[in-house]
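Below are structures written as structure tokens.
Both complexes below contain chain A, partnered by chain B and then by chain C.
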Partner chain A sequence: MSDDLLKIDNLTVQFRGDAGWITAVDDVSLTLREGETLGIVGESGSGKSVTALSILRLHTAATTRHPTGRILYAGKDMLALTARQLRAVRGREIAMIFQDPMSSLNPVLTISDQISETLRLHQGLDAAASRQRAVELLELVRIPDAKRRVDEYPHRLSGGMRQRVMIAIAIACRPRLLIADEPTTALDVTIQAQILDLLRELQSSLGMSVILISHDMGVIAEFARRVVVMYAGRVVETAPVKDLFRQPVHPYTEGLLAAIPKLDVDVTRLPTIRGSIPDPAQAIQGCRYGPRCPVVLKQCLVEAPALLPAGPARFARCPPRVTPRVAPRVGAP
Partner chain B sequence: MWRGVIYRLLQAIPVVVIFAVLVFMLLQLLPGDPAVAIAGSEATPEAIDRIRTQLGLDRPLLEQLLSWFNRLAHGDFGKSLILNQSVVSAVVERLPVTLSLAFLSLMITLPAGISLGVLAAYWRNTWLDSFVMVTALLGVSMPSFWLGILSVILFSVTLGWLPPAGYVPITQGLWPWFSALIQPAVVLALFQIGFLARITRSAMLDVLDQDFIRTARAKGVDEWHTITKHAFRNTLIPVVTVTGIIISLLIGGSVVVEQVFALPGIGRLIVQGILARDYPLVQGTMLIFGFSFVMINVLVDIVYMLVDPRVRFG
Partner chain C sequence: MNNLAAPIAGVRDLVKIFPVKSDSGGAPLQLHAVNQVGFDISAGETLGLVGESGSGKSTIGRLLVGLIPPTRGHVELFGEAITGKDGARHLSNVRRRLQFVFQDPYGSLNPRMRVDDCIAEPLDIAGSVSRKERADRIIELLEIVGLPRSCGDRYPHEFSGGQRQRIGIARALALRPEFIVCDEPVSALDVSMQAQIVNLLLDLQEKFGLSYLFIAHDLAVVRSIARRVAVMYAGSIVEQGPRGDIYRAPKHPYTQALLDAVPRPDPERQRKPTLGGEIPSILNPLPGCAFAMRCPLATDRCRNERPMPREVGSAHLVACHLA
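Up next is the complex of A and B:
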């Protein structure tokens, strides 16, 4: 499709471990249209951040390989770009913000230095112009007293302020795609909401596409239009956000949703998914969720189910059943 | 910033005072009577008494200590027993030699050690990394007197490119000064390069794994600027610390190297003083060494403030 801004086809990411190559992401495909907001959700180790970092090729090249797959951004295969072409995309067309604002900013450079750097690199601004623009950007991400703050060092700012600075750096060159890797995970709940509001506002005013990665179903529900659920390096379900919350198809998605605390129900213990995510170094026969799945079928343990259509605009890696297995949920957004 | 500098200078004062007391105690703590040792086994009791009075050893300890500090405060470090000149003038005469040697050696050590360390860290686990680390280990393992002798055999005796020994003041021309010092400076530097390269490498490895390096790459910064602008400045704290230690080691290490290359510096002076039991001379030179080590550490603290805003404002 021509209006796909980003198209990942059959991406596999492997890292070199002590005993050979370990597959962190296995045969992942996803698409993102211009202006769309895609949420990628999954627990730690599901491969969601690895997938995101692969888009800008931020993994250490010497210990990473991609046996299969393409990452097409605006028609360019990111995995085939030269270093120079890649740098022209990084920070200018695709920008990224990270989980931990405490460690993502360079402690020995001022805020001004760190914002101007992108502007000077990609827009050729001189020192005075880029500093002026840095102040404007800080005002745009609503940092009070921006004129004074711009000359501060990161250690003088709070976590929420630092994440705002990270966002200012990311939007400095008006990228077409913003990848936000767990942008609110390290922040207080009240600050989380502010940061999400800010991202949403910037997205509509700048017309960016956004990929939001989170393990938090609440954040996903609030922010994303379409959701990709990942488990153990694979996509297990993809659906529009409303459909996903109303009627999850994959038992893993169902388990994640069941684990969200509900305000109207008084429970002492939240439901959990028993077991833990499999070790990526170990081969699993059949469905990767099989050992934890409450409704596992015999055939699932022999051969992994394929990602099949499961309704309008949605796919799931779970075999179709004779009767609808999952009852419609109440209390979906 | 200035408050920090003044605070650190004030902190140095008690250290210097305590060190001066220790150096003073040297004479008291040595086994036997220094006066007897100085006078020699053939000396008459009158001669020993004279030396004892001359050194002030017949007075009470506290009085000796106070007069020691009084003299130090007036810049009087005593008179050498063997050189027939004051300790201060003996030291001042030889200081340029040791400082020239240390300076030249440092100018070799810093660029070589830092760049080798950075290269090894950037290309970690490759042949380049192994090569640098093995070379660094060799440099650290080889004793400098042995290396010095081998170097003289090759460059002075066999090839005849450089003078084997001696010192030429810089006032007699840059090249004669340089050619006299380059051999000992390199020998002295080899150990330090290995040391510095290892520290720089591990500091760099730590920094390269930090999130802000990934941020820099995600912004489109090229590898050269990622290393020089983003990573290197963050490695400076450990590198500056080690540089301070290295300067101290260079001055201390000159004791051996000055001996091998017959350079009339402080190191040789101290050896001379010890061999001749010239106590005032040993005390004076040790005080100079101690004082410069304290000052180097104060400088290191000040440089911390320059390179890291967290130290500056913290």
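Up next is the complex of A and C:
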């Protein structure tokens, strides 16, 4: 479709391991429309961050390969761009913010220097103009006393303020797409709420599309309009946010939602998902979730189910079943 | 679970100040990590200690088991004062009855030790177990925490985060403690693993009548394990009481704001307006209520006079002039 800003088709990402190539992302397809907010949710090793980093080709080229797949951004084939073409997209059209602002900011440069870098590179502003613009950007992300703060070093700022600086850098060139990879995970909950509010505000005032990556179902529910659930390198389910939370289709989504500790009710025991997240270096035949699935079928352990339509605007990688679904087992380790 | 009434742990007017070098090279600053805190934990009970970063919750855990000495105040364990004149002697009397479970199972297990040796190390240090007893106890402990026997001759790095936390718990149980301080024991784990470990801790409590101080930043995790909850802010307990009171009818404006700020897995929910500002510096704190700067209801009295905990319901204490 022509109004897809981003379209990922059958992407596979592999990293060089001690004993051959390890598949971190396996046959992932997703689309993002202009102005949309897409949430990608999953636990460790689900491949959510790896997928996002592949969009901007931020993996080390020598140890990464993409044996299958295509990433189309605004008609550009991202995996085929030259280094020069890639630089024109990174930071200008697609910007990214990460979990840990301290490791993304340079500790020996002032805030002004770091924001100016992007402005000079992409917009050709001179020193005075870029400093002026840096102050405006800090005001836009609600950093109090921006005129003074712009000359400080990152270590003088709190975690929340640093993430605001990262956001200021990300929006400096008014990108069309912002990829936020666990942007609030390192922050306290009251600060997280402030940052989510800020992102939402900026998204509507700047008209950006946003991909929000998170392990936190609460953050996803609050922020995303459409959700992709990933497990062990694969997309297991995709759905509009309300449908996903009202009625998850994939047993993994169902199990995960049930296992979240409840803030608004007392429970005696939380339902659990048995077993552990699989080691990506270990090959699993059939469905990756099969060994943990409470409603696994014989066929699931032989052949991985395809991502099939599962309702209006929904897809799930789980075979349609005749038997009614049972609740995830309670208490089993 | 005998002796239900007698507290296993009791803390009164606890203060911990860390001296910190000043940026400008002047006199050292005083970091008030814990500021006049008091609570009790009864036998077989879990107290949940919840707060954001820098609230002092982990410092309290370390003070409570004698890992660091307090600046002022009293700590009593199993009826013996571990602070004051005979504190050190009393602490060594009760030390075997206490254990600690840490957030990071990676960091708390020796990577070069086999799992069976990790688990049995407390027995080895305590001494006087035969080889047979040691081997039997290892098998028993693995079973208690839900790990297969075959795990014993492997190394910690071969396990997932959740399984490593099981190993950490097995090790903590080796000397049959009565009281365990759990400092963010599930924070590093994925949701599907968190629920397993929370349930394991609940099962162990039932089976062995353990008492826990459960320290965490995640309010929902705390609700799922603790019957009584204390909320910390900038070194003070601002509210403590039964779980139902704290979550259903919080009285302190900070507890209310904190609960409002947590995103729920419910796309229909509209979050209330966000609390502004940030956690204040605990270096040389101002007089008055630490929350006053961010509190929507703060008055002059709040800014000048520190509120002390007051009972507002049965065993429900709130440190707020307005509650």
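Here is the rule we use: the second predicted complex is superposed on the first by the 319 of 333 C-alpha atoms of A that agree within 3 Å, B and C clash if a C-alpha of one lies under 4 Å from a C-alpha of the other, contacts with A are read in each partner's own complex, and residues count from 1 in each chain.
Throughout what follows, a residue touches a chain if its C-beta (ideal position, glycine included) is under 8 Å from a C-beta of that chain, and two chains touch if they have at least 3 such contacts.
The model shown is predicted, which means the values in this text are computed figures rather than measured ones.
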Given the superposition on chain A, are chain B and chain C in a clash or a fit? fit
Tell me which touches more residues of chain A here: chain C or chain B. C
Of the two partner chains, chain B (first) and chain C (second), which one does A:107 touch, if any: first, second, both, or neither? first
Touch check for A:31: first (chain B), second (chain C), both, or neither? neither
Examine A:217 and indicate which partner it touches, taking first as chain B and second as chain C; both and neither are also allowed. second
Just checking: does A:163 make contact with chain B only, chain C only, both, or neither of them? Give me first, second, both or neither. neither
With the two structures laid over each other on chain A, which partner does A:260 touch: chain B (first), chain C (second), both, or neither? second
For A:194, decide between first (touching chain B), second (touching chain C), both and neither. second
First (chain B), second (chain C), both or neither: which does A:209 touch? neither
Contacts of A:54 with chain B and chain C, given as first, second, both or neither: neither
Minimum distance between Cα atoms of chain B and chain C in the superposition (Å): 6
Intersection of chain A residues contacting chain B with those contacting chain C? none
What residues of chain A sit close enough to touch chain C in their complex? 43-44, 158, 160-161, 188-194, 196-197, 215-222, 241-242, 245, 255-257, 259-264, 266-267, 269-273, 276-277, 279, 331, 333
Of chain C, residues touching chain A in the complex: 52-53, 146, 160-163, 190-196, 198-200, 202, 217-221, 223-224, 243-244, 247, 257-259, 261-269, 271, 274-276, 278-279
Given the complex, residues on chain B that touch chain A span 125, 210-212, 214-223, 229-230, 233-234, 307-310, 313
Any idea which chain A residues touch chain B in the complex? 56, 58, 62, 83, 87-92, 95-96, 98, 100, 103-109, 117-118, 121-122, 153, 155-156, 166, 169
